[in-house]
Structures are given as structure tokens and as C-alpha cells.
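A short worksheet on the structure shown next.
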């Protein structure tokens, strides 16, 4: 009961806050200034998304086969040390990845995409591997026992059952990716980071916000997008989210 | 290998910035633990509340750190702390909430109901149960959450060099702006090593804190 | 028919070679259930899994219907053998229908055919097709899941089935129900089945033959009755348990022991004539009274016939218990113990009297097997007497 009424109060407060903020920003002319940045925001958002799309899809295309490869019984000897390397790799801060990539490849889009690719690759590979390794041995035996070939077993049984974990990896990885894209500006790859960093340098709060708010919204939207794709793609029988929804 | 010479000749700066980095992350995550653990325990009593709190915390983590700085600086500049370590520490505080709250919450929720019943059966009060059974069992998992938070925020703190928070990120930012590969590489390697070493140190601590007889700690990343 | 010819498996472990199955020779006739029984680590599961090459044999051959399976490629072999495992192994990402139809799909059946087959199988395992086909395994109970597991193995109608402790993970009550259902299905389907179990009672109930394993060796391979009556050595004997003679009661029908040569009285008869019949036949305790349909309606105890005069109808007492000729001896014994009697009238399915069974007859029947065994042992080994 108290929570219900609290919720109502919160909602009213939120509406009042939005109204006050709106009135204040109109009165002070903030909105007009913000509109001034609109073309910049549009252009930089496209650049931003493009960086995410290219590095993210490259990473997915490489990471999933790599994870599958590591999980095969013939690779068992290398898999554990491979995972150790990946685990260490994921602890490296993305700014450091970006800096190392710049010192190797110089300035521009290529080193930025490369750094984003590496940062995105690791979590997906790791989750693909652990997801596939986590498929119960009984399921694998049942699949072999009814006469599936190794490829059929992988496609029809192992991957669908690991899919939820793989998607969790993709979601984490893309969150890292989207969070790192603004930094790509630092090594000359553009994106919404341009407005934020320039805003900080010039100590122009409005410019900072013009970059920061779309960046934050993009990140949340990409995350929600991946979550809903996972919700739809992962079969109901092995999808905890959907099982809860149906129960 | 010029960066090694640079590192040796600027060893005192390197040490100072490393300490600065550790102290800032340490203080922020320390405060975050003091707030996150009680919140995590509190929300085990109410599932709806738990969902809301975890949802908000997960959205905060999704926001890129530099965007968070960009939003916070204009707000904090009203009280005169726009640039510097204050927004950085607040950001770290916010980012640490999710792993710490989530791990506390799941750890306490996952305590075997049989144990809870046994504790009730031998006549423990609700508080005694929390103190003697649930929290001790949850400590390793909470530790895992703290570890995730620390590693994540070593990276965030590196970026915070751009808003004048100091730390090892300063090498990287100067390296980029001055086109000085020595500083660039030194910064990147130092911050990476710091993250890796701290990660292993905390893993060791986490294992030490695990009561004997319950070696398996569920990983919550 | 399944025939194992010197089937051997040697595992290379860090501690050296371990012989898990040592030159196993056996044959399961078409349409029979063979139970592989033994303590854990005796090689029964290894032997089973060598048949569909989940475990690759070190040496030896497997013949199915006289065809050497080593000439078949692994996938073809497995698609033609039904396989049920203890963990069930339903694919949680697939609906029940997809689980059941996976083998027909692999074999390239057309859609209409395998869809119809799924419904047919669901009816066979007594689950409503419309209610269950679109569900996921996680939405079913353990017993229902294992029924689906059996249906999946039967989907492509394979002549041979391998079952690895299929009912081991199910609670005792449901297990008994599923066992009964399975036996009923097997009466129609007549599959050739190899079945691993560690439960002696399950083996006696389900098996046409039982193979006892120990340390990778096949110790004894016989019908359940022979096994219980004549265990080959002390290991088999102790494995079967000290009450093994009691377990045989499950295996013998009342029909085999019933004596049809006996007299009755009708309600119109006088007690005098009843007493005469009692004396003539040498019945110690009582005689059964039947109606015109030959259904037992009462008994005349000897004591009553001796002291009273009148018609049987007036002095008849209630029949304490009857046993159906198709019941097993276990039930007959149980009724005798419950009612403190030494004989029981036996009836057919229509309730007509068709004989009686006595404790003496039962012990004699059971003992006959032990006596013949002893006799053969003495003949084979004449020195034993001296």
C-alpha cells in the first residue's frame, strides 16, 4: 500500500519537474540554442551509429564462430588457456584499448573500429564458449544417440540451448561498444563524442548536453533493442524471460 | 620501447597517479558498498521494489561514462564542482550500484530455503538469521560484485582524466593531445595492468572470504 | 534380434587400462526385453552404449537382425535404434512435437506423415495430443517428460530400442505406472529391447531375460525365473537377495499351480451329502458352494456339516477370498496370509470357479525347480556325494 501511494507521488513530482524544466529552458532560451546544435547532432549520431554497427557486426561475425571453435572437444586442450586470455582481455579498460590501437594504427576511423571490434569481441566469444559448454551432457548424448551428425547437433541442439547466454554476451558487448564510441572521437573517428569533449574543453554546458543526452539515449535504445531481439529469437522453452511472462 | 625509459624517468609521477587512481576508485566503490549492500538487503523484502531498483541501476550502467560526465558537469557546476574529481567519484558511485546491489540481492535470495528454515527452526529471529546465516553466506557473492565494480570503474576513472579528475588516464589524454606515443602507451599499459592486478587481488580476497565448504561461488557479471 | 559377439571395451585411464566390458557374448531374441543388471561400474551401461556406438567398442561385433552393424555409418545406425536415457534429454528449445518428430525429420519423412505419427505416439503414451504437442518440456512433469522420451525413441518405429535406466529418475509410484504402460505397449509393439537397470525388482518385472554383470563380465544370462531358482554363483545369489524365492512369486501365475480336479456343492444339496463329498475328497476344512453360473457363493465348513442338518443354502458361510487365475502367486499368498487360510478358490475373468490353489501346491511348484537343479548338479558331479 505505501509503495503504491509513493509511486503516485513520484509520478506527480516527475511531471512537475518536467514542466518546470521545460518552462525554465524556454524562458532562458536554452531550447533555441539546443536547436542550433540539431544538424550537428543528426550528422554525428549517424557517424556514431555507423561506428557501432560496423564494429559490432564484425565482432559478432568473428566472435561466435571463435566461441564455437573453442568449445569443440578437439580444442579442449587450448580452450581453457584461451579463456584465461579472454578474461584478462575483458578487464582492460576500453580507453587503454583505444590508446593501444592508436599507437599501433595511428589516427582515424580504422584504429577506432579496430579497438571497438576488439572490445566487443571478447565478451561475445566468452559467452558463446561458456554457453555451449553449459549445455547439459545428457542433451548432447541424447542428440548423438538419436543419430544427429556433429553439425546437426550443434545447430539444432547446442546453439539454441546456448542462445540465451550468447545474447547476454552480445548485450554486454554492445553496451561496452556504445559506451566506447564517444571516446573514438579522441582518435579522430567522429561521433557524438565530438560535442561532449569539445563542450568540456570549451566549458560549454549546452554543447556537452547536446552530445551527452543523445549518447545516453542511443546507448539505452541499443540495449533495449538487443534485449527485445533476444526475447523474440531465443526459443520459449529455454528463455527465462519468456517463461516468466507465460507463467 | 621508448615508453619504458619515459616510465623510469617519470617514475614518481607514475606512482603518484597510480595511487591517485586507486584512492579515487577505492573511496567511491567503498561508499558504493556502504549504500549498495543495505539497498540490496532491503529489496529482498519486496519483489516489485527489487525489480524497479535493479532496472534503474541497469539503465544507469548502460549510459556511457563520458555522457554521464557531460550531463553531470552542467548540473554540478551550479554548486561549483563541474570539473574535477567530484563528478568522477559520483559516476563511479552510480556505476558501482548495479553489480553490488544485484549481487547482494541475488546472494541473499539464493540462500537455500532449507537453511533459512533450519535457522528459523532453531529459534533465530529475523535479524539473527540475517546476521548469522544469510549475510555470511552472501559475502563471497557480494565480494564478486565489488570486484566487478572496481574493475569496471578503473576504466571509468581513466576516462575521467578528461574532466580533470587526475589518475592514470592523464597519461593517455596527454599522450593523445600532445601526440606523444610514450605517454600514450605508458598510460594504456599502466591502467590495464592496474585493472588486471586488482582483479586478481580481489579474486584472491574473494576466495579467502568464502567459508570453507562452500567453494563454488556463482559468477555474477 | 540383437547379438553381441565378443564385445569388449578397454578404457585408457591415467591409472592404466580398465576393462569395462570383457568379451561379452549374448543374444536377445526379436520382440523380447533383456535387462542388463548389476552394481554400478559393472559394465552394463558400457555394453549398452557400445550397441549404438556412444561408446566405441575396442573389439567385437554387434549384429542387429543378423546384420553386422560395423558396416553401417554411425548416424544411420543410431537413427534406426530408439534410445532412451535416464536424464530423459528432451531438447528444451523444442516443443514436444518437435522433440518427437526429430528422428523422422532426420530420416527425411514428409511433413504430413511425421505430424500424424506424433499424434499417434501421443495417443499411445496416453497424453492428449492437442494439449501437449505445442508445449515445451519444461512445462511437463517428470513422468510426462519420460513418456515423451519413450515416444521420441519410438518415433521412427525402430526395431531395436536401447534404454539406459529409463525410469530411474521417476518417483516410485509414477515409475510403477509407467512400467505397466510400457509393458502394455511392448505387448503390441514387440520391439527388441536392451534395458539397463540396477533395480532387481524392475528387472524381474520388465525382463524376458536378465543379464547379470560384474566387473565387466557377463556372469549369468537367463530368464528371471531360472535366475531366481538357480543363481549361478554366490555373487548372483547375494545380488538377488535372500528373499529371492519370494520374488519368484511375481513370475508365476495362479493358472500354473491351480488344481482343477475338485468337487463343489450346490445350494440345494443337503449338508449330509456335502459331508459325504468332503469325506470322499479328503477336504480337511471346507467345501465351496457354487450357483448355476458356477460362481462361488459360499463355503460349507466341515464342522458345520458334521453338527447340523438341512440344506447347504441355509448354513453356507461367506467366501473369505477368491483369486483370479491370471493373478500372480504373490497376490494369492497375500490373500492367504490376510485371511489366515491355506487354500483359495480360483475364478476366471467372468467370476466362474475353475479350481483351487493350496499352500502345499505352491510350495511344491516352487520347490520343483530347486529339486531339479539339485538333481542335475548331483548328476553332473557324482563325486559330490562321496
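Letters A, B and C mark the chains as written, and numbering starts fresh at 1 in each.
Going forward, a contact is a pair of C-beta atoms (placed from the backbone, for glycine too) under 8 Å apart; a residue touches a chain by one contact, two chains touch by 3 or more.
The model shown is predicted, which means the values in this text are computed figures rather than measured ones.
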item: Both-way neighbours, i.e. chains that touch chain B and touch chain A; value: none
item: Chain pair that, of all pairs, has the most C-beta pairs in contact; value: A-B
item: Core chain by centroid distance, with centroids computed from Cα atoms only; value: A
item: Taking each chain's C-alpha mean as its centre, the one farthest from chain B; value: C
item: Centre-to-centre distance between chain B and chain A (centres being mean Cα positions), rounded to whole Å; value: 19
item: For chain A paired with chain C, centre-to-centre distance based on mean C-alpha positions, whole Å; value: 59
item: Whole-Å separation of chain centres (CA-atom averages), chain B against chain C; value: 63
item: In the complex, chain A residues that touch chain C; value: 136, 138-139, 141-149, 152, 156-157, 160-161, 163, 235-238, 243
item: Residues on chain C engaged by chain A in the complex (per definition of touch); value: 52, 54, 74-80, 83, 85, 87-95, 102-103, 106, 136-138, 152-153, 162
item: Footprint of chain B on chain A - complex, ascending; value: 3, 88, 91-97, 99-100, 102-103, 172, 175, 178-183, 186-187, 192-193, 196-197, 199-200, 203, 205-206, 208-209, 211-213, 215-216, 219-220, 223
item: Chain B to chain A touching residues, read off their complex; value: 46, 48-49, 59, 61-71, 73-74, 77, 82-83, 151, 154-155, 158-159, 162-163, 169, 172-173, 175-176, 181, 184-185, 187-189, 191-192, 195-196, 199, 221
